[in-house]
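Before anything else, here is the set of structures, which you'll find just below.
First chain A sits with chain B, and in the next complex the same chain sits with chain C.
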Partner chain A sequence: MPRTHFSPSITTRPVYPGLTSQGATPAILLADGAGAEAILDLAAQDRSVMDRAHLMFIPAGTDFGPRLAALNPRMYREAPSFAACLERFRKALADAHMGTQLYLAGTEGLIGQATAEALAAGLPADAIQSEHRGHIARRMQCVHCKGMTENVTTDPFVCSHCGLTLFVRDHFSRRLGAFQGVCVDAETPGLIPPVQEIKP
Partner chain B sequence: MTLQFHDETFRDDYTFHNSPEGIRRFPFPFDQDSYMYSVNLEPHAGGRAGSPFEKRFDVDEHYVAEMRDREITLRDDPLRCQSLPHMELAGWDFLELVMVSKSEDYPDLFELHRDGDRWHWINRPLGIEQRFTFLDATTLPCGPLEYITRQTQGDHALLDQREGNLWMDAGMITSQADWSLDFDIGMNFFEWHAPVPKANEMGVFQRALKFLLNLQQGAPTRRLNWTMTVNPRLDTSPENYHKWGPEKRTITPATVGSKQYLRVELQTLWRLPRSNAIAFPIRCYLCSLEDIVTVPKWGRRLHRVLRDLPDELAEYKGFAVNRPVIVDYLEQFDDGAETSPGIFPD
Partner chain C sequence: MSAQMLRVTAREALSPLVTRFRFEHPEGAALPLFSGGAHVVVEMPDGDVLRRNAYSLISDPLDGSGYEIAVRREDGGRGGSVFLHRQVVVGDLLRISAPLNLFALDLRAKKHVMIAGGIGITPFVAQLKQLARLQMPFELHYAARSRAEAAGLALLPDLPQIHVHISDEGNRMDLGAVLGGQPLGTHVYTCGPEGLIDAVAETAARLGWPRGALHSEVFMAPPPGTPFTVTLARSGRTVTVGAHQSLLEALEAAQVPVDWSCRGGACGRCETGVSACHGQLEHHDHWLSDDEKSSQTKIMPCVSRFRGDTLILDL
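Let's turn to the complex of A and B:
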């Protein structure tokens, strides 16, 4: 699955310029699903990235695991979900030395949450690279109840916490790693526009 | 002039009202018969006597009721006031600025006595008397930003300056024109303005940021911004949009004069001395259309501005759905006569 190209939007809508090797510096790599292909491409570009790499992978139903393990990074871990590897990821960030590079690849939900964690841990923004691959589902925060709904693929969608029907904004918070969802029928309760698939 | 503080509400039964003097001093935001975005900054160095520009922090007849409304909003949602950990010093800077300004500008309402870092603050309208140690947060009932902004009309954002940008890292936001502090906290100048249409392409934000990064202590600056609100509601937050949204559809030719309000923000910007942050008070003034048209110049001009406003702006400001009714109503107050330059009544 190739890199995703997003349509032009407002300036907070994140774009993911793609992974470029920074050589054999200490590196944390985190990918989910089709994001594995971005890691494979990165390693093909420059094998030395793996020399001091800690690679974490969330397969999400894909079978890229063995090929990633075969890249022979210094540390390799498969995890069933981001939540499951969060503490390990945080430990890696806390242990990181100056100059450590963070490579993120896969879905927006993963990239957004991992970026927020990394910034909160004090990693400079220019040490974080990202590449979007795979499905274009979004991680949305309900502005009303503040609950996060993962893997949103339609606009509007129903908040998985409070049940309000929300429209999908492009306004994005790096601190929360989420887009903003706002009640779509606030002015005319019950009048919900037709549900559409989200486009890139 | 002795201020008579109104006993009034900004929700439910909406008893908010402007006195005749309140209408005359309303900061009408249009200095000509048309409107487009601009940086429109000018020094905040006083202004016409009796106007909202005269004092550093304007205190008007709505002060006590607005602070009561803020308390209701905060009880319901404490996340309307947040401060990232590195912003406490800026909070103290702002507390000092407000206490010093108010006690000097309104000595009959506010008093500040300082003996080194031992301060004694008296706020007569709200019946508050507080002795505390400056820069020691344990001597106040809450953080310095929350403490002083529970006593100061308007929303207040504190902007940290680093990396050649401004970062919205603290704020007290309870009367916002539909934006969320909880979502936007931590964003830089371009990020929190990202949803504004057109202005970005016009370079407005680039120029405004360049100016603000060089803002000097003792030289505050100001601008006016505006939108339209149905009912005199301060809490038009996105958090509660599903609660107040239906009110927006209650405008009819019979109700538009009394229920449709012009909402004006007097925005001021202040460099703070210790933290080098910028304080950004956003003071909200409300005036119903039927009160606005009692000033003939304003009735004529508002009709022309709203009639000719680009659709995109009416949409962004959230009143596109009511614009036809508003413009029809205002038309009867526009006899086509020329209007004088500037914002003040003739």
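Let's turn to the complex of A and C:
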């Protein structure tokens, strides 16, 4: 799957410029699904990225695992979900020193959450690189009940926690690693615009 | 810019070359508080020249009872520090600007590493007081040539986080060791000679540090050079800049108002447009980008000079 190109939008929407090798500095790499291809491309660009790399991969139904392992990073681990790999990711950040690079690749939900974790751990924003690959479903926070709904592909959508019908805003919270959804029929209860598929 | 007359209430030699001065309000009024790293500009009427030098505050940022600075006597300098050392005594009144901070701590950092060379220790003296109050992790590395010259020793508390490197005693600072292995969220601050700042930037780049975690301050005195003449576009007047005078000082002496704040090429306040330039601008500031510098359409009169036939300023 090639790199996703998003249409320009309001300025709080994140941009994912793509992965560029910073050489053989200590690195943490985290990818899900088709994000594996961005890691393979990165390694093809500069093999030395793997010299001191800790690579974590969430297959999400794909079979890139063996090819990533064959890149021979210093450490390679797979996990079934971001939640399952969070403790490992946090430990890697806690043990990291200044100079460590973080490479994130895959879906917006993964990149957003991992970026928020890394910033909270003190990693400077300019040490984080990201590349979007795979589906463009969004991780949405309901601004009313604060619940998170994963993999939202339509606008509006129904909050999986409080059941309100939410308008999908382009406004992104870096702290939460999620977009924000606002009740679409607050002024006109029941008047819900036609459901559309979210476009890149 | 706001400034007020303050009285010199103490002076003390910290080393053969460095003297501490304390200023208080003549009526005992409280002075504006500041943050660690802030400086003030001290005005010195020296005969018929008015000298203005910026000095970092070393007193407690939350103590408004007075301001303190530590001044190194630069015998080969332009005269401001020598004036303070030779002519200023307790009881004198001097005009002191309100504090301004171009070298503040980034309070988002999880740890602060401060690197000082020589008299570059001064901004850190106030920052240490601020950090102690905030209870934030820090490390300070202070490099000096010899113990006798290390005026900072008299200003620094005795803490295990403070490391003194005296090159005379064979205890040079190893930047690789200082910057290697710092936890995530560490910011580095360097103040001292340009060579030290470059060395820190180089070492940090080699270790993969992102630029946003690096901060530095060079307090540069306007460098001398060959005299030159500028023409002012609006009035058609010409102003001559002497060898040991800055363009800003020459404009001030000619009563041409130019906004300024740091007088050291760092803050950007004095930025002036160039309408014509036949010759070479000698940029010494840290404000203009490389592209702006090479386009020769802007100049920072506090530190930069000119060599060539004609220079016309948008003034």
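Please note the rule applied: the second predicted complex is superposed on the first by the 200 of 200 C-alpha atoms of A that agree within 3 Å, B and C clash if a C-alpha of one lies under 4 Å from a C-alpha of the other, contacts with A are read in each partner's own complex, and residues count from 1 in each chain.
Heads up, the rule we're going with is that contacts are C-beta pairs under 8 Å (C-beta built on N, C-alpha and C of every residue); 3 or more make two chains touch, one makes a residue touch a chain.
Only a predicted model underlies this, so the values are computations on that prediction, with no experimental measurement involved.
After superposition onto chain A, the modelled positions of chain B and chain C are compatible, with room for both. Within the superposed three-chain model, A:S173 lies in touch with chain B and out of touch with chain C [touch as defined at top]. Shared-chain residue A:A43: touches no atom of chain B or chain C.
Contact with neither chain B nor chain C is seen for A:L19 once the two complexes are overlaid on the shared chain.
In the superposed model, A:L93 makes contact with chain C only, not with chain B.
Annotation: apex chain A, arms to chain B and chain C, angle 60° (C-alpha centres, rounded to a multiple of 10). When the two structures are aligned on the shared chain, A:Q101 is found in touch with chain C, with no touch to chain B. Of the two partner chains placed by superposition, only chain C is touched by A:L123; chain B is not. After the two structures are overlaid on chain A, the closest C-alpha atoms of chain B and chain C sit 6 Å apart. On chain A, the positions that touch chain B within their shared complex are 10-13, 141, 143-144, 146, 164, 169, 171, 173-176, 180, 182-183, 186-189. Interface of chain A with chain C (complex): residues 22-23, 25-26, 93, 96-101, 121-127. Chain C makes touch with chain A in their complex at residues 109-110, 179-186, 207-213. Residues of chain B that touch chain A in their complex: 79, 180, 182-187, 190-191, 194-195, 200, 238-242, 245-246, 248-249, 321.
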